[in-house]
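Chain naming follows the written order as A, B, C, D, E and F, and within any one chain the residues start at number 1.
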Amino acid sequence: MEEERYKRGWEKLKQIDGEAGEKVIDSLKDIAPDLGKYTIEFPFGDVYSRPGLDLKSREIATVAALTALGHALPQLKVHINGALNVGCTREEIIEIIIQMAVYAGFPAALNAMSIAKEVFEARDRNRLKE
Amino acid sequence: MEEERYKRGWEKLKQIDGEAGEKVIDSLKDIAPDLGKYTIEFPFGDVYSRPGLDLKSREIATVAALTALGHALPQLKVHINGALNVGCTREEIIEIIIQMAVYAGFPAALNAMSIAKEVFEARDRNRLKE
Amino acid sequence: MEEERYKRGWEKLKQIDGEAGEKVIDSLKDIAPDLGKYTIEFPFGDVYSRPGLDLKSREIATVAALTALGHALPQLKVHINGALNVGCTREEIIEIIIQMAVYAGFPAALNAMSIAKEVFEARDRNRLKE
Amino acid sequence: MEEERYKRGWEKLKQIDGEAGEKVIDSLKDIAPDLGKYTIEFPFGDVYSRPGLDLKSREIATVAALTALGHALPQLKVHINGALNVGCTREEIIEIIIQMAVYAGFPAALNAMSIAKEVFEARDRNRLKE
Amino acid sequence: MEEERYKRGWEKLKQIDGEAGEKVIDSLKDIAPDLGKYTIEFPFGDVYSRPGLDLKSREIATVAALTALGHALPQLKVHINGALNVGCTREEIIEIIIQMAVYAGFPAALNAMSIAKEVFEARDRNRLKE
Amino acid sequence: MEEERYKRGWEKLKQIDGEAGEKVIDSLKDIAPDLGKYTIEFPFGDVYSRPGLDLKSREIATVAALTALGHALPQLKVHINGALNVGCTREEIIEIIIQMAVYAGFPAALNAMSIAKEVFEARDRNRLKE
């Protein structure tokens, strides 16, 4: 049932993206709540919930793709956090991004590395506050 | 030393891509052997040889990126084989490609799935011959 | 309910893409039937079934996007047929593609125009057979 | 004659893009006035002035393409305004962008939706001032 | 006057692209002759005819861009011929393509190199016939 | 030897990109110094140091590609400076960008022209300080 997909998706989004993901959905509520609903239902309710590939590998794939695409830096920011949340190390994330210099060119990799730097610095500042 | 990077790269390329990778280098020998040399040295000698991320995860990242890029289907063909060679299952490869429908759109995922279909069918035919 | 989305999507896909769309789903049944299921459910069951934009305008948007993307020519072939099926004229399709020269460059437009030529010629051959 | 194309283009640009379009041309006058001239002559004097597709449909195509491209958010901002100016409703624009999640992926659609949000909020602030 | 732009463009297209360019325009005459007209007038009549950059440098830029784009291999084929026609050597063309591995990734460069190989082999076959 | 590639690359990077290039490498030292090392070794130590194409032509190719890619504006900023440093005139850079409207569309060209405008204005301000 629809509500099951939505519920499963919302749980999966919180598990992976945490607050950053909730912020994305929230930013849509005034302009296009249905896009937020689809974002929860299809990527998270359907795809990320599938058993055939573990969550850590899924985030590796997503960080790689968002780096290669070039135009998806806001989403890359969310998913670098997501990758760390599901068990990727910072070193592994840096390795994925370096590898994308081969497939998508150095500009895509360099711009993604700037995002990784922002994410790590923000997480360090948050850690200091605790 | 240069020869070390080349040697290490050539070994890594054979380990991952096997014959398909050797064919790519070979196709360059008349027109641009240096591009073949760089392909061996940088992606394989430098990047894939790095310890920070395991080979299976590296191929997951590459299959994801090549699917998302849209214009890299010949290379995707080589690397779907590569992913299988280093321990990804067919199911895992299919999962990566389905996931790319979220990030790069359904066209990119559908075109990548056609390539996966070709690769699996070719491997099945080869298996029958043994 | 899930079956409702699927049923609604299948009806919408037949309405827009006709046989060409059914062929796409069919080509997936051996390798990744779930990607076929998602293609029916999300694009067609969810998005194309939404009331806020008429089908003809939706196909105008899709033909434009698939032209601009550059890597989606197989899908463009399906949707040029789809656009004609829902009321776009050949002239209107040609106008969209010409307009894409402005936003995505002449290569994208020229390659899309080759696809349009193929589609129109195939439809003319089919018409002659009747 | 050249001046006719330029004159026709300038009128069409003002009709569709209004002030936003004039600002683009103006920003070019010190660095590359000829690019401004070509922008007026070819997209607007030639393409948008063609009779075979109505202006509203043209803007639907453009909003779709600029969303799908991913790197054209400044131009998308101009054309979301343009689409509203020639008779698209806000709902229709939101529908186009949601639909692009299917063809170009969720990142492209989400980033475009942020732009639509900015445009609508700016237009609301302007309306309040009157 | 319009006819001047067209005439100037047609002369420039023949000068650079020769037969390959004429074939492109010819392939459009049944489906979208206006796209052929615009292709002659804007790229060739306006841009390539500008004095600020020499023809050889223009073709270097075009070969680089068409390699980087990834989806423009048919046009790359035309312009590798064009680059040779206006004074680029085969070596220079190979250098541009190798360089694109840095900015657009190895897949884009490898696919472009396959096109260069086809072009050079075709030109060698033609030379033997004389 | 490795150190030779690095040393040659560092000299080439300073020759072309000057301070802007050094800043890029420096920004990587805390997060991914190896990406900085590869950026020096492969693009500059290997590719830009090759004899088959002169530096000015190489920068023409790079400015064209970075404009066409759409997602590489930070790198375009570095290389517009680089192109000026190795002998391109401002006029020639503007010509390349205008030409990219043909191959990558007007959005890519317009966004690149904004970057060129920033670069030229910054260089003018620096000149005034001397």
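Simple rule for what comes next: contacts are C-beta pairs under 8 Å (C-beta built on N, C-alpha and C of every residue); 3 or more make two chains touch, one makes a residue touch a chain.
This one's a predicted model, so the numbers in the text were calculated from it and none came from an experiment.
The fewest steps needed to get from chain A to chain F, moving only between touching chains, is 1. Looking at which positions face the partner, chain C and chain F present mostly the same ones, since more than half of the interface numbers are shared.
With rounding to the nearest 5, the Cα superposition of chain E on chain F corresponds to a rotation angle of 180 degrees. When the contact pairs of A-F are matched by residue number across A-B, D-F or B-F, over half of them reappear in D-F.
Distance between Cα centroids is largest for the pairing of chain B with D.
Set against the Cα centre of chain F, the chain with the most distant centre is C. Set side by side, D-E and D-F show the greater C-beta contact count at D-F. Averaging C-alpha coordinates per chain places the centre of chain A 40 Å away from that of chain E. Averaging Cα coordinates per chain places chain B and chain C 30 Å apart. Here the spacing of chain C and chain D, counted between their Cα centres, is 24 Å.
Among the residues of chain F, those touching two or more other chains are numbered 34, 38, 42-43, 47, 50, 66, 68-72, 75, 94, 98, 101-108. The touch graph of the protein chains shown is complete. Contact residues of chain E toward chain F in the complex are 42-43, 47-48, 50, 52-53, 57-58, 60-69, 72, 75, 91-92, 94-96, 98-104. Chain A makes touch with chain D in their complex at residues 24, 27-28, 30-32, 34-35, 38-39, 43, 66, 69-72, 74-75. Interface of chain E with chain B (complex): residues 69-71, 94, 97-98, 101, 105-111, 113-114, 116-117, 120.
If you check the complex, the residues on chain B that touch chain F are 1-2, 5, 34, 38, 42, 46-47, 50. Residue ranges of chain F in contact with chain C, taken from their complex: 68, 101-108.
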